[in-house]
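Just below sit the structures, each encoded as structure tokens.
Note that chain A is present in both complexes that follow, paired respectively with chain B and with chain C.
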Partner chain A sequence: MSQETPIARKQYLTPFNVITGVILVIGLVLTVLRFTKGIGAVTNLDNNNPWGLWIGFDLLCGVALAAGGYMTSSACYIFGLKKYHSAVRPAILTAFLGYALVVFALHYDVGRPWRLPYPIFWSQGTSSLLFEVGLCVFLYLTVLFIEWTPAAFEWLGYKKIRGIVVRLTLMLTIFGVVLSTLHQSSLGALFMIAPSKLHPLWYSGYLHVYFFVSSMFAGLSMVIFESTLAHRWLHHKMDDTHLAESDGVALGFGKAASFIMMGYVGIKIIGLAVDNDWHYLATGWGAWFLVELVGFVLLPAILFSMGAREKNLTFIRVAAVWAVLGIVLNRLNVSLIAFNWHLPAADRYVPSIMEVGTTIFIVTLGVVVYRFIALKMPILYEHPDYKQAH
Partner chain B sequence: MEFFTLHGFMTYSKGITYLVMGGILVFMPLYWLYLTDRDDD
Partner chain C sequence: MAISRRKFIGCMAAAAFGTTTGATGLAHAVSGKEFTGYPDSFGVLHDSTLCIGCRKCEQACNEVNNLGKPDNPFDDLSVLDDRRRTDEAAYTVVNKFNGNVFAKIQCNHCQEPACASACFVKALYKDKTGAVVYDESLCVGCRYCMVACPFNIPAFTYFDPLTPKITKCTMCLPLIQEGKLPGCVDICPKEALTFGRRADLIKMARQRIAQNPDHYVDHIYGEHEMGGTAWMYLSGIPFNEIGMREDLGTTSAPELTAGPLAAVPIVVGLWPVFLTGVWAINKRREKIAEQEQAAAVQAAEEQAAQEKTKALEALQQKLAKEKETAIAAEVKKALEEAEQNAQQQAAVQDETTTDPAAETPPDDSGKQEE
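Moving on to the complex of A and B:
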């Protein structure tokens, strides 16, 4: 025993474990503070800014970046592009954890977690977009959980129930696409209730279309980004099929993302033309709008296209990170930066250090759970008992 | 541009919008060809 202890300690005290351990402990302290002292004790939210970083980043960015689940599974199972099959399980897992953490993070904002089922089962606000978002996220999280279970059943050796769930794949995929179409767009439509608060360059009657279309390339970029990270840190868990298909996944998804991003730039310009907002482009807000649209959508779209044409994976991977940052910037612009733009600087919202710490805690929690599942279950490789069983 | 009636505003903004949409309809297929023309290589 005395000889085993130093080895075991050496394995556990890796830089990853130490850093995540510290973040998780701080996060737990913040969680206790939030639920014992109230939301005012840990946030800078006020009556002007009732939604802050937890909605702008954890919820809006979390949902958009989890769109890789429906994009990958629909490409594979609805459009029959089986060459992307190896990307389905990592994408579904990312989406499942993304949505689970969105619901988890929502508790910090809403409080009183035991009342979470109320809007679904007790008091439905059927005329509210928030109800539609809540219902869709509730249903889609359930769909993603079921879509993820075959990996868990293969790991546990439950062949019979795994077979039943696999037979539901097409139905679940169609259900997932329908639900995603609904709530991705509704998250944008939420801000249409505040035309006097959101800057005209970001406010549009097409806001729901922008959110849905941008979620498509957000999901594709996130799958590429997540694959890059998996290649770096979980390479040893990938089988030959996954390794052989991964370049094709990155090139194909990069090409699709580039095309959708160009279309997105097009409909954003249409939005400017419909509302005749051109004169705002000459202001400081216009410069910031162009930083987002040109700097974080158009340029990564061009880099994606160069990567797809030249078969250059480095271009594709850099463009994927760039596009993910662009989505984060867009969601923060709509929900925080360009929201309440007319207020004096003293009344503007800046997240507190504890809000930022809670967000880092939630993202870290997602990384830790993803790593645990990917190390234990057949996510990046096919289980030897089920090869060619799909 | 200065507008005095809703009709004037709609005529102008819709006119520009249709021009932009026409441009996009021409551009997007060309962009798809640019993206895919080396697929057989």
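Moving on to the complex of A and C:
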């Protein structure tokens, strides 16, 4: 698609457009079903399994994988790693879209979506970790939106207001890190209220720490992964700076991810020791736990470190996809697979085809909007009028 | 009122309470203090050894809460063969275990409810009567209360597309406020359910166990489970054999999440300071690096300029010297020529008479050369 000539671009029946079109139509049908027949008609949720794929994937994975926004912007603007500057805009954009889609997906999952502002503006349940999540996601979505606006203002040519927003960069970045720390961790802490339902290998007093630390390498890996995709499809939109810096971004982020993942493995082992959960490792659940921790954290971490040492971009890119899958596996384990583990098999939850369809619809929507913005606005390149302006 | 002493202990306290329970209480979920329940709050003791599985309580519950016609009539006891749970059509159900042991489940009205602690709009709260109350007008339908409840009690109306809600036992709060008994307690023909002040119920339960130690397991289920519940149970066989989990522990739900909540002010307070510090350090490092660079460049430039001046001076001196030498040589040459000319002229003059016109040219050429 990236190679389209101006003539070919006028053809609307490209494979990309046809597939996304079909998915979007199916999504609209599912939306109508959800809001006419009820959540029960499109999902396999029940009274024992109140949260399913829409929370486990759309919310938990969506938020974790959008962590690239705060990781990249803090690396560049706070920790002074200026060489990552060209990676900030795409990361902020994907984070903004990621969070926007998380909130969008919640409209399907909660019973009365128009009441979603209630916890913030009407009746604050401050004892709830979900309140913390809601407030932080609301505020962070606002921060990400403001952080993204300079790109839109450059596109529209509003120089003055762009200048004002750019001057807020440091404050917004710090605010973003604070909010991300809080809600990334409290997404894990949500499950700390139910020790009787979550398998001991995943339940821990450190669950919030695990979620926060893993969000760091989730974000880094996702930035690498997205950059791989963008190079494949949006190469023509990248300027020389972006192209020159992107290998360095991948290598640097891969190295950082490797370090954080090793640390994460360490604190997971400490968690096992603190709760004395060693004996569970010999069970089937233990094997599954090791698949997650060794197979999807330790091994990609090693591949990252090899890639960083040998400057091998293929290693880095494979490790990034691997680590992203590991994050998805972890979030699904905590919220769905190891949750309600004590229930008999007949009472366990498996997502319905319509739930999966809705999730695919929402992810597709994200890809379409990202593609639109990256094609129109200065995301992968610097606007010629603002080259010196940072 | 046809309330027996055994069904309703502490009638007087209840009557007094009936007039004062209109106001809603707060759950006080995350204070550091220990909360052991509202004083004089009510509860129900379910003595499962007395239960005969007649489903009368289910029927009464259905009628009080207007839950509509059930799928199976309440005198159909075959439903007891399946393990059932509460849902939108039944706020309480009786299950059969080991063939002849029955146990009723419904909301246990925890002293520190997990659902109320989990609710992010305060749609669930612990009332001073002891009832855990649900306010539909606030509920967003996120179902976190269902995730949080250790007893799997709250249910959700999944097939209501636009106004789904949580459903669960209300402890018949409206009836209690009128000074009446909850529907299930009132109807129970075997007095397997006793309503009263929680503190009194615990004493009564202890008494029953003490009087009949072989008849009962020596444990009041709900006295301490998950921080204690208003609804408590006695059993003749281990509680996990009548479908009740024995691994819940005594820690209340708010305590379980107090740690991460306590981290919030630390994060909010320290992160900005720390991060601004990191930024400032980097900024300063950059500035110093810039200054050092500028200083180095300046020094290099100065040195270069000095060297240039020196070289220039040397060159100038050299040039001047060369020029001097050249001049001296030319002067010497001119003088020699002049001397030669003079000697020649003198020789010619000696031979002929003096000619002034012939005398000038050699003089001019000598001047031009200088």
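A few points about this structure:
Methods note: the second predicted complex is superposed on the first by the 379 of 390 C-alpha atoms of A that agree within 3 Å, B and C clash if a C-alpha of one lies under 4 Å from a C-alpha of the other, contacts with A are read in each partner's own complex, and residues count from 1 in each chain.
Criterion: a contact is a pair of C-beta atoms (placed from the backbone, for glycine too) under 8 Å apart; a residue touches a chain by one contact, two chains touch by 3 or more.
The model shown is predicted, which means the values in this text are computed figures rather than measured ones.
Of the two partner chains placed around the shared chain by superposition, chain C is the only one that A:Glu132 touches, whereas chain B remains out of contact. Contact with chain B, but none with chain C, is seen for A:Gly263 once the two complexes are overlaid on the shared chain. Contact with neither chain B nor chain C is seen for A:Tyr12 once the two complexes are overlaid on the shared chain. Contacts of A:Phe372 after superposition: neither chain B nor chain C is touched. Greater residue coverage of chain A by touch, when chain B is weighed against chain C, goes to C. Once the two complexes are laid over each other on the shared chain, residue contacts for A:Leu170 go to chain C alone; chain B is not touched. In the superposed pair of complexes, A:Thr181 makes contact with chain C only, with no contact to chain B. Look at A:Asn276: by the touch rule set out above, it reaches chain B but stays clear of chain C.
On the chain C side of its complex with chain A, the touching residues are 27, 29-30, 85-87, 114, 116-123, 138-144, 146-148, 150, 152, 154-165, 245, 247-249, 253-254, 256-257, 259-261, 263-264, 267-268, 271-272, 275-276, 278-279, 282-283, 285-286.
For chain A in complex with chain C, the touching residues are 34-41, 43, 45-48, 50-51, 74, 77-80, 109-113, 115-116, 118-119, 122-132, 134, 170, 173-175, 177-178, 181-182, 185-186, 189-197, 205, 207-208. If you check the complex, the residues on chain A that touch chain B are 255, 258-259, 262-263, 266, 269-270, 273-276, 305, 308-309. Of all residues in chain B, those touching chain A in their complex are 1, 9, 12-14, 16-17, 20-21, 24, 27-28, 31-32, 34-38.
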